[in-house]
């Protein structure tokens, strides 16, 4: 469903307020996550948090979810592992309908990494904490240990494995938080603001991590404000605004859609703005734009 | 982080009770507390509770008040059940009738009624005060009474920290569930204390630095933003509280603390109804407590 | 923009108790009145410690070894009680919620005023003005803990502004905020600097924003100052920044990439979107095939 249809004169008509911008033609997908007409009303304050959201995410996709606070993006992400249940509509993850399933049961399929790692760390050493998840899944001890070793290897935690989680730096704790979910080997990872408040180096580490998870066959849903990160790493952006999903398209298509960007008051990454102001296709990283420009600029000789 | 709603419990209004100075109200609550513990006479205590209900009407807080009482009454009435069959009273006991395998005693009913009416009368007055006083006004008044600034501050913070800690515990429990943790209810809450505690410590550390940066703990003269007035009327109410206390003490001392445990005759039918109702209340309370714990 | 120095660090080092390496190491710098100075550095590079020295929290509230001399508005924060420094230096921290303690927004702002002994009659207007400065007019009776993160942070700023400091020091104030909240805080800082001449010292990771508003950027690495100049000067050495784990604005990184390629680059590297577009537009028009 596209938001701009051609009017009688052949030019684009103004998009309907409730239309979802989906950019180009939809690719066939086998569902890792199928969300159908999801509506959620918070019982306490009668707040409408989500209205009629429908999304289909295929296995191995990396999807970003963006929106201002209060747009519904966090509410949406919490439906993916059953922390919240739909008021109406359906959420199916890895082929399982979340309705009537407890969070603990869905944990083997969907791993939710909380924004503040302190909320998630329980054990007295890093390696004991990594074992927590698979132990809860009832796996035999040797399998648990094998997974812990793999995680330590994957995340580079060798030098902190014996340390207490609260004694390591905050960025390392964030990695341990993700590693603790990794050991559960879910098909789908939901990352809640993985780079918020982090410096450049840690952001790069998370960037690489997301790609490696995908390389291993995982599906990654990343809720974030970090537009440069998402532009560089995701296949698709889901844009939330005022409880609605107003765009579901590739980053380039979303950034070019001035109406969607204006409505959500989100800023594209700087490099994207530069590329668009130069009349080029929206760039998703410095490399992207540099490559695009290199052969198209008058040269000024080697500086 | 989302914001939390601090249950201020102040019910908006501009009644004569709302406008009373917080210390005058506090004086009455303290007096009622003292008096309630000086006698066991259920008729007297019930009368006191009725006076309290008049104040509830004057303050216009019936809706919120009844919501709280609805929760507290089942717990309170269960007192009657226990006391009826096993009175906290020196023997001999006078049996009235039987309730299944249990014998209901005269002293038991008396005791149960006095405990209940004592609890009710104290609660009514306390609620009237809490629901008509903004905590900041109370703290400002306490400041005037030379209660140390820091103590005030600690009280104010505690009030606000409760919903914050609730939220934090909720988040931690969600995180535990998200990692497959099986135990529910109380078993799940306990391990969450470490992260919540650590978070609370971090919060307090950062808050203290923030406060110091705003000259907290200055030894100089401190002014006050919140102004609470003290009118002659407030002094009168306060004085009345003291007078009431003295009068009651006088009456108690000369009338054996109004002890009617042997003289008040409770008919059998009434006692059965009372025990039956409170048994229901007790069962309801226990049932909902179990349900809440299991659901968590 | 030279003028009157308002903050001076002379060979300052501080080592937290029970640690080996100094958190800040032989730091010397001068900040002038009305400057907007950005502090950059990886987590742990010493930004927070440096800022806490300005109002004396380090070393007065923190245990450790202090060396060197600091002057802030003619006074040494090392030897002055923090509550005195609070009259000239306002501090805002990274967690908005952790700075809230009162039951209403007005009381939150009044807290500092009460501590300073400001007369009651003066409080009300100061509170109203402070709320207006941060765009929270009418929020007097709202409960701080029920506000959004962005609103709480603006309230924290208002609480320091009401005390009428000459210097506003902020430690990663937007790291816990959404994009809108970030925008609001940066906008307030820029406006205060521009219109009220407030000296602003801001530690942040949002490089693109710093490049736009800061007069000067100071880069810290391992407790030492490794760069101190205008945004154009500091961000030009892209490789150096990368070596210490930092990145320049995307505009600068782009120009640096082009500089190394056959397209080349002449002149200083841009640090803002406008700068990059202005430099590239004419070259593009001519060179497009």
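Letters A, B and C name the chains as they come in the text, with residue numbers starting at 1 for each one.
Basically, contacts are C-beta pairs under 8 Å (C-beta built on N, C-alpha and C of every residue); 3 or more make two chains touch, one makes a residue touch a chain.
Predicted model, so just to flag it, every value in this text is computed and none were measured.
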- Identify the chain pair with more contacting C-beta pairs: B-C or A-B. B-C
- What is the chain whose Cα centroid lies farthest from the Cα centroid of subunit A? B
- Could you put a whole-Å number on the gap between the CA centroids of subunit A and subunit C? 30
- Message: I'd like the Å distance between the centres of subunit A and subunit B, where a centre is the mean of that chain's Cα atoms.
- Response: 47
- Shared-interface residues of subunit C (touching two or more other chains) are 148-149, 176
- Counting only contacts in the complex, subunit C reaches subunit B at residues 52, 55, 57, 61, 82-84, 86-87, 89-91, 93, 95, 97-99, 101-104, 106-107, 110-120, 123, 127, 143, 145-149, 152, 156, 159-160, 163, 176
- Sort out for me which residues of subunit A touch subunit C in the complex. 68-70, 169-171, 196-202, 225, 227-228, 265-267, 269-271, 273-274, 277-279, 286-287, 289-290, 293-303
- Query: If you look only at subunit C, which of its residues touch subunit A in the complex?
  - Reply: 42-44, 94, 148-150, 172, 175-176, 178-181, 205, 208, 245-247, 249-251, 253-254, 257-259, 261-266, 273, 276-277, 280-281, 283-284, 286-289
- Task: In the complex, go through subunit A and note every residue touching subunit B.
- Result: 81, 83, 102-104, 107-108, 111-112, 114, 116, 118-122, 132-133, 136-137, 166, 180-181, 184
- Per the touch rule, the subunit B residues reaching subunit C in their complex are 1, 3-6, 8, 134-136, 153, 156-157, 159-160, 163-164, 202-203, 206-207, 209-218, 220-227
